[in-house]
Amino acid sequence: MDIGFIGLGEMGAAMVANLLKAGHTVRVWNRTPEKAEALAAAGARAVAAPAEAFTGDAVISMLADDAALREVVDATLLEHAPRGLVHVNMATISVALAETLAREHAELGLHYVAAPVLGRPDAAAAAKLTIIAGGAAEAIDRVQPLFDAIGQKTWRIGALPQQANVMKLAANFMLAAAVEALGEAAALLGGHGVAMRDFLDVVTAGPFPGPVYAGYGGMIAEDRYEPALFKARLGLKDVRLALAAADAVATPLPVASVLRDSLLEAVAHGDGERDFAVLGKVAARRAGRA
Amino acid sequence: MDIGFIGLGEMGAAMVANLLKAGHTVRVWNRTPEKAEALAAAGARAVAAPAEAFTGDAVISMLADDAALREVVDATLLEHAPRGLVHVNMATISVALAETLAREHAELGLHYVAAPVLGRPDAAAAAKLTIIAGGAAEAIDRVQPLFDAIGQKTWRIGALPQQANVMKLAANFMLAAAVEALGEAAALLGGHGVAMRDFLDVVTAGPFPGPVYAGYGGMIAEDRYEPALFKARLGLKDVRLALAAADAVATPLPVASVLRDSLLEAVAHGDGERDFAVLGKVAARRAGRA
Amino acid sequence: MDIGFIGLGEMGAAMVANLLKAGHTVRVWNRTPEKAEALAAAGARAVAAPAEAFTGDAVISMLADDAALREVVDATLLEHAPRGLVHVNMATISVALAETLAREHAELGLHYVAAPVLGRPDAAAAAKLTIIAGGAAEAIDRVQPLFDAIGQKTWRIGALPQQANVMKLAANFMLAAAVEALGEAAALLGGHGVAMRDFLDVVTAGPFPGPVYAGYGGMIAEDRYEPALFKARLGLKDVRLALAAADAVATPLPVASVLRDSLLEAVAHGDGERDFAVLGKVAARRAGRA
Amino acid sequence: MDIGFIGLGEMGAAMVANLLKAGHTVRVWNRTPEKAEALAAAGARAVAAPAEAFTGDAVISMLADDAALREVVDATLLEHAPRGLVHVNMATISVALAETLAREHAELGLHYVAAPVLGRPDAAAAAKLTIIAGGAAEAIDRVQPLFDAIGQKTWRIGALPQQANVMKLAANFMLAAAVEALGEAAALLGGHGVAMRDFLDVVTAGPFPGPVYAGYGGMIAEDRYEPALFKARLGLKDVRLALAAADAVATPLPVASVLRDSLLEAVAHGDGERDFAVLGKVAARRAGRA
């Protein structure tokens, strides 16, 4: 396929590399052009303006947040996009903005697919992302080959794009809740002289298998939060989005409120760029042991 | 081995059945004698007083809570127990009481092993409990055959019995945190018209494998909390114990505080005897949707 | 003075009435013109466009929220305003928007004074508002006669307008915290059969004098939340703004998080238009007694 | 009257001094006899055993906590007390223990009056305590002269002694909530460069008059927590008791849960003996500014 790709951060760059490997033609654009040039060496075509990426068979966007997306994907860009273009937004954005974008695209005869992903940069590099796709089935059908190139599994969750965003936010909320629980458990254990490492051995062999408990728990056990696979600052961003999505439907999320406070505390102590397993450090600090 | 067994609730009765199957001689005592008689049919020897169980090679206790334990295992019982007896307490009790019992046993020349278990009655029946054992290595060595008969794995976590209790409480705290997160996620998803079932498919195939998320999440998805595998009332008891253990070492556990409030709300609404996945119902009620 | 006034809700209309009584000339504008016409009978001059109010010696704005304010006070309006005009914004808006407005006004040679008020509509009607004024001293000097006409006391808290907003939000946060505490206390007392009325007699005669505890506590004691002096929906708005202002400086506010959840629960149960003393009802519902 | 007095801490000693001034005969007992001897100089009669105090017209107890009380006021003491004796317990104890004591006294023909007080040692010294009395009216009538000697006002709140304890705990919970709110407000203000002192001037002149906000707020504004009028450790004790009383009637108190966590954090950082206004320091620390 002939596609555009906007936003070449760590995740985006890895996705483009896999799209190229799968034989797709990719026009890439990034605010800072160096990143586009680096991918040019791998076969991508760097373009000078977002509008040049916003054409062809489809365009994927993977920008940092609502503000970054809205600055690029504005009314002018959409009005000049070719009718029938499928825009796949794979970034984690607010549910409110997803709703707005879906409406704006529809009014202009464009297709909007929300396809946030589960998986960190290492999964992106290995083409092992989990893709949660929301939008019209025929639009998703058209971009399925792209999903196949970058992910291991696509979940189609319905016709309303924003529902994919809700699902992604709910998943990241659960992730953050698990990490906070690990951090609090570690603080409790530490207070009684029990090694977090031993505890992890027990629970990961039992009720909590899988990489989340072993991985984040391991960082907490070692009190080592770098390199950051998922930065505390970005975890906070997602928790804020989950709270906002819940607020919009008058739904209290008390654990998410705790997560927000704990992550703010991490940021306040200079740990925003560390892995969000620093929630373990926050819990230890509260107990006077960090 | 020739052992005593005190406390024949659902868990205890299943353990005794497996001990009998493994060829051990078991003298059983229970406050209400009917349960002991039922096990007599399977080969157990029902005794009339706790003291008759508190003798032999070892004695296992599996009573409901601190109060029930303290009422049976009092100073008189311990003073009359044969020196060298190994008392294995497999119930989930407070860390404070575990410390007290360890000291009292040591003063009288008795061995105290704390061996709380992970696993619900179905795991107990299948002899697939996970056993977390704390206490002197030689004492644990002596009762290891008993553990082998009722569990699939014994973790030895150190010489201080109460540390096994801390670990058990931390594990159950994490369990409750996962269930609360599932409940809040379901409320968020429900507010946006996304099916919890679909969400579970995505996250259990991805970051959250294992029976906890699939099992409790499934109950929440179906809004069905019976039969109760783990009652809300008992989940609340364990969260209280975790908070007390944390309080003793000046450790705040904000998520545990949320859990306590949510479980109290479940109990207040008459759901104490339902599965503690009713946390999903609590979250939905807060959002005006239950 | 010859002033404009934008926003004639319950608070704004009462302020205008007092400004007219004090002899000021007031050009009034409101989105729905009926309210302006009603005040015309009292001597105000209804104008057809915000720009006609945004002139003279000063202009006061009292709009519902950030969005309503931003829709009226946009770039075009400011560019056409006469240099040197003092714009006094007395509404409770976000700290972020106050910062933006302060900068925009300064760039255009306009004066921006943030002057949020403490006091409900009854205090506004009685010209007994407490005014918290932030901005350049000389600008505040010029509008002090207006403050004297509508308030009983003006606190000048510094040169940065947005600091007045922070102070207002902190005050309303404390108010909401007191009401939530009253609600939880009532739930605790109710559980033990103690009358909230008796409790209020004790604490308002002792540690908690003043109208807040007696007033909101009285509504909770009577379980009567209408007429609403301060609506739950608006209390929630202010708590959200306090959380946002705290988030901007990486400051966790755990009690504000609880307030947000409790107020969301009130709104979810259809009590958004009732007095925010309905926090008492939320607390009782959690305990299964509402 | 001829009375006994048990427990000569700071509060108890001040009460005895006022009882002596009012002309009562007071037999005093304290675990460490030095304190009793000091009061002997003022006219009290130091006795060697609690039983010697537990006789006469009435006996007042003012011991530190449940454990201290239970150790002195045990079955033996009560069995030997003269029928008809009125025991007035003025300490803050658990609701559960108050219930137990009421029952035990009644069974032995003794009168039990719960009369916890509002007011710190300075109020006790000035005979300005507020007394919340629960128990049989005729029993309270008999000890009213004692209350008149040590307090400025007695509130009679009903026939069940434990209800006085609930009321006291609810009052202290509200107090702690106000202090936490002050601390969080200070953290928010501090993040935006607004002086807490200025804020306090505004709110204490307005919605929050009275000594609580001015007093604790002032300590937070000055970041000075000594001398401690109400120690964090004791504030934590009372919050625990409020949570336990609420737990007994299945009532969630989310703000009390936050208070518990914040006070635990204060204790964990070595501030347990400082005034519980250190909640302001906890809030600042969370924001990285303490």
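Going in written order, the chains are labelled A, B, C and D, and every chain counts its residues from 1.
Quick note on the criterion: a contact is a pair of C-beta atoms (placed from the backbone, for glycine too) under 8 Å apart; a residue touches a chain by one contact, two chains touch by 3 or more.
Treat the numbers as computed from the prediction; the structure is a model and nothing was measured.
> I need the pair from A-B, A-C or C-D whose contacts repeat those of B-D. Over half of the residue-number contact pairs should coincide.
Duplicate interface of B-D: A-C.
> Calculate how many whole Å lie between the centre of chain C and the centre of chain D, each centre taken as the average of the chain's C-alpha atoms.
Here the centre of chain D sits 38 Å away from the centre of chain C.
> Taking each chain's centre as its mean C-alpha position, how far apart are chain B and chain C in Å?
52
> Do you know which chain B residues sit against two or more other chains?
Residues 246, 250-254, 258, 261-262, 264-265, 268, 286-288 of chain B touch two or more partner chains.
> Classify the inter-chain contact topology: is it line, ring, star, complete, or other?
It is complete, because no pair of chains fails to touch.
> Can you list the residues on chain D that touch chain B in the complex?
Residues 240, 246-247, 250-254, 257-258, 260-262, 264-265, 267-268.
> Which residues of chain C touch chain B once you look at their complex with the stated criterion?
Its residues touching chain B are 254, 261, 264-265, 268-270, 286-289.
> Quick check on the complex: what are the chain C residues that touch chain D?
The touching residues are 95, 118, 130, 132, 153, 155, 157-158, 160, 162-163, 166-167, 169-171, 173-175, 177-178, 180-182, 184-185, 187-189, 191-194, 198-199, 201-203, 205-212, 242, 245-246, 248-256, 258, 261-262, 283, 286-288.
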